[in-house]
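The following blocks contain the structures, represented as structure tokens.
After this come two complexes, each holding subunit A, first together with subunit B and then together with subunit C.
After this line comes the complex of A and B, so read on.
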């Protein structure tokens, strides 16, 4: 979520040319620069950033993949004296096989048994939360975008849930979903919310929607604000209804911002951990992939590395498909200018 | 082209988010331990424990430091979350950190740390006398026939009951279920901790042990839960939900929720730890002040077997001052220190004699009952595969409590899950 400054929904409305504005053929200009030695300077200037990226991103990724291919001491078995044998042996894709195909050893109560359900539940949470968040977020964004008295207050109120740390949110909702909690009191029901599969899942979705709708609303608001008011005016003059204005003007123009928001939310929910962990501890069909990773981490870190690598690939594929199919423009690139 | 580039950037961002938490953890630590020369391994030591929520550290360190001015102890406090304490210890062991001399381990971690060679075996020149200590606490600190830690504090489950409604506490499950009709309208009968977490393992193990069953054999790796005794134990809990003597909301109870239910007068019987006693008698909102009593847990045919809680102190295999550390372990089990743990921190002692001290009994009226409980207590499985064992129990017992699986299936699943875990 720290990446919000990279999101520039305004780019469509603004000039879409090369960022450096150095002429009609940026590629040629670049070659000239390299020749003049500026390229080497550039390399030196970005070196610290690249090294930092490698250290904080490259190293953990490579280490995780590396350890997922080696035997964990905790899986090495006991010698007759009761000590663990030495680990570290190359085991190839043994741990990956465990997750994808552990067969008869996958009885309930093992992490392997929870693998496919965890994927399903993670995708379920992703679909459900993003669906509701987009609809509600759009409504909130339109509310925040209007001009009326007390708009500042409305904006502040809408943004409050997002300002609360997720762990605190989860704990608050846990109190509300409690059997003695306020929800049962207000609704005059006797539902054990966190004790059944359906309601526990609903609880996670409700809490997440409550918490993150403001995030979508904020991104959409940014998209709405760059739509020039005169377009609406002329549409009104032409006799367009409010619904038509929304369908024909607002939606297409806010689409870039919307897609970016959806992409970020999807990537975010695919690794959801804190909300279900605090609300249910993963019980009642709310175990997500991240919860499963942490659970496995307690007994076999190398096996957990394999699972987090799988999670990484899954999220990568989803991100890739979204970018490919929906054409989300996450990072404004000059290639766009060159291509068009 | 542009899309692949963008995808790559997105991918890297995702990678850092997902994998950042999983960098460490390769099995590079040494095996064995305690082989260094015990002579001249003296000096200042550190004592690593979780956050001092009971406020005993100042008193304990003062006692030790006054007597050992040249070998002072420094206490390192971890977080107050057990899982995080465990992970912190593992990380320091893996880096062979000599900065951790004496570590406080939860009773359920002892076997794992011992089997990984992180702890000094307390035998030979490091032998620790255990006379006077409660046997269950010693058993919980013993792995593969060798003592690895000095029991520091103990804990056992107690049956809290409404003495205004039930004058004589039940000693068997049948008696207790018969007492349920004494509950007033809208009051549940019995509850423990049945949410899917470590507390459920505690409660399930108590039920199983109280019916004469076991979970894992003494070798720490052979499951033995697929027995009639174990099934009878679990039946007590499963039937509770089915027949209603356990309220349905109890499926979400951890310690605090179950305490709140009893404290507000909604339960006739409650299984919980001794810490609840003070809340029930002193909290402003307590509706059961002076109306409750404590008794040993009931069982199938007689008094039940509590699970054992508490912590033990162990010497890190990578400590440079092991001799001083051993002295510190002996100090922790001394009468003076044990009384301090109880007096200052309300922590249950491991020294049997403390439980009959008249002044202490006056201050902590539940002591004699707790002693009976701990004398009958059975440690949760002492196994190096504990995280997997407890997970197998939690998940399968939970679905059985919900009525989604039968007790038969649950124990078969636990049996084979433990077999898989211990098979490597």
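After this line comes the complex of A and C, so read on.
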């Protein structure tokens, strides 16, 4: 095979990566599956990436689950029965019980007390931001579609909020939401935006919608641009109204791009951290699951591991449901493109 | 809602103009109103950031919409090493981003080549694995890595950030590169070989120049993702200024009075971080858009 020469470095990288790879070597698993010479080459090319991902994602996840079922060193000591327990001892679902059953009984101020509110707030942020971002993003995309002067400039401008670190935009919005800030002056209001539950949540949603709507619009615009113009022409000739054309041509044809954008956004907001953390530090009903994990991290890493596992499972279940129910066709679209 | 529908009808049909030419083309006017609205939406907050970054501290909350009480002292304050480590943080971010991007690109190119060019069983499985990794929540890595790095005394080193960043950068680079590679005219490689080029020459002289824009775009996307990350950046450097990246530095800015948030210097720091990114985006707009829509990746 003529291509072998080019992949020489990959092979070396593969063996180097294999030395520190933990667990079963994926190269062998892959090699058993492949039959053709191309398969063997592919296995060598892919091995470094798979080994790296197993090392930096797979291994941490397994240790997270493992430690969430064992006693943390910080929690070692006498248990309620009066026995001394050492760190690392198997404790079963003790930490999961802490999160799921603490909620109503634990005193305010503990992380357990914030667990159910955090789930609710995470879901609230997800629903609200994705709802507004998709509707506004669609309107933006429709306005940007077509040929007009300055298209390149508009598409560059729309990338700007996406490209700026969320930490910077969060500080910027915190400044604008300040009691003395520009928003209160422009709106002629005296709202303590970040000091009340309702307005603090609204602030997080507004900042996120501002930052991400242009990005959604960009993804939808790509979907709109592949719709041939003559379909609209013939619909118009047939007497379809603008609304009918939107409902029956634009929407069905842009649906695949829309669903992928929605899926990525939902999974992204479920792990939201930057905006609420910087805007309010999680105060006033804006604590999310990610914020709670970080808060618990230093006092009891194993307990935090249990919570991050819960978060992970939640996101996984949501992703699974979305792919199943909405039929988001992420992998197949990609595979079709990749086959060629 | 009717207004929206009206827009829709007019704007989604780009190549036609209204057959009846009235005095004023309302759809054209409507379009430009919409475009101006989008531009203001995207840029007004940044305009405000820039204006405030040049204001004297005493006029932080002045609401005059144009520059007044202009001073450069906020920028010198942002870089004042006695209070903040913003300059150091910029360097840290560049180091961490560059190393991560390099690793993700080298490994990503091989994998993407195999996924785009070769037929093999289990391709579907590998693609699914990469996609799953791309959607992976950062918090799920945070706790185990925090424990692991504490044990290994890696907390507060560059490695502590570079290692998890590779976990995010790799799916992103593989995903984007695969889309680019699958659209390449690979027949040219064959043609070059027929004309007597060695496989190495065919790659270097024919394929590589064609790949270069795609590689470049992917590198920009990966670097941006590392540059903008905050969750891991705020925990894993363990507050060590010699390692902490720029997002953490901006989020934890302190002024001379710890009770007063030094907004003007924060805005100045924000401007310093924003301007290079805006330049990159303006220069490579077309490529970044094609990379984003090819990969359909998160922001």
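By definition in this document, the second predicted complex is superposed on the first by the 274 of 340 C-alpha atoms of A that agree within 3 Å, B and C clash if a C-alpha of one lies under 4 Å from a C-alpha of the other, contacts with A are read in each partner's own complex, and residues count from 1 in each chain.
One rule holds in what follows: contacts are C-beta pairs under 8 Å (C-beta built on N, C-alpha and C of every residue); 3 or more make two chains touch, one makes a residue touch a chain.
Please read all numbers here as calculations on a predicted model, not as lab measurements.
> Evaluate whether subunit B and subunit C can sit on subunit A together after superposition, giving fit or clash.
clash
> Is A:187 in contact with subunit B, with subunit C, with both, or with neither (first, second, both, neither)?
A:187 sits against neither subunit B nor subunit C.
> With both complexes overlaid on chain A, does A:107 touch subunit B (first), subunit C (second), both or neither?
First partner only, subunit B.
> Using the superposition on chain A described above, determine whether A:312 touches subunit B (first), subunit C (second), both, or neither.
Both partners, subunit B and subunit C.
> Would you check which partner chain A:237 touches, where first means subunit B only, second means subunit C only, and both and neither mean what they say?
After superposing on A, A:237 lies clear of both subunit B and subunit C.
> Is A:271 in contact with subunit B, with subunit C, with both, or with neither (first, second, both, neither)?
In the superposition, A:271 contacts both subunit B and subunit C.
> Mind working out whether A:67 is in touch with subunit B, subunit C, both or neither, as first, second, both or neither?
both
> State whether A:301 touches subunit B only (first), subunit C only (second), both chains, or neither.
both
> Taking the superposition on A as described, I'd like to know which of subunit B and subunit C A:57 touches: first, second, both or neither.
Both: A:57 reaches subunit B and subunit C.
> Residues of subunit A touched: more by subunit B or subunit C?
C
> From the options 20-28, 92-100 or 254-262, pick the one stretch of subunit C whose C-alpha atoms clash with subunit B.
With the two structures superposed, the offending stretch of subunit C is 254-262.
> So which bits of subunit A does subunit B touch that subunit C touches too?
The answer is residues 3, 53, 56-57, 59-61, 63-64, 67, 178, 180, 267, 271, 290, 293-294, 297, 301, 304-305, 308-309, 311-312, 315, 319, 330-331, 335, 339 of subunit A.
> Once bound in the complex, which stretches of subunit A touch subunit B?
Checking each residue of subunit A against subunit B gives 3, 53, 56-57, 59-61, 63-64, 67, 70-78, 81-84, 86-88, 105, 107-111, 178-180, 192, 194-196, 263, 267, 271, 280-284, 290, 293-295, 297-299, 301-302, 304-305, 308-309, 311-312, 315-316, 319-320, 323-324, 327-331, 333, 335-336, 339.
> So in the complex, the part of subunit C that touches subunit A is made up of which residues?
Touching subunit A: residues 2, 4-16, 31-32, 34-35, 37-39, 41-43, 45-46, 48-49, 52, 61, 63, 106-108, 110-111, 113-116, 118-124, 126-131, 133, 135-148, 150, 163-164, 166-167, 170-171, 174-175, 178-179, 182-183, 193, 198-200, 203, 224, 227-228, 230-231, 234-235, 246-248, 250-251, 253, 261, 263, 266-267, 270, 273-274, 277-278, 280-282, 285-286, 288-289, 292-293, 296-299 of subunit C.
> State the interface residues of subunit B toward subunit A in the complex, per the touch definition above.
1-3, 5-7, 9-29, 31-32, 83, 86-87, 114-117, 143-144, 195-197, 220-221, 248-249, 251-252, 257, 260-261, 384-385, 387-388, 391-396, 398-399, 402, 405, 412-414, 416-417, 420-421, 423-424
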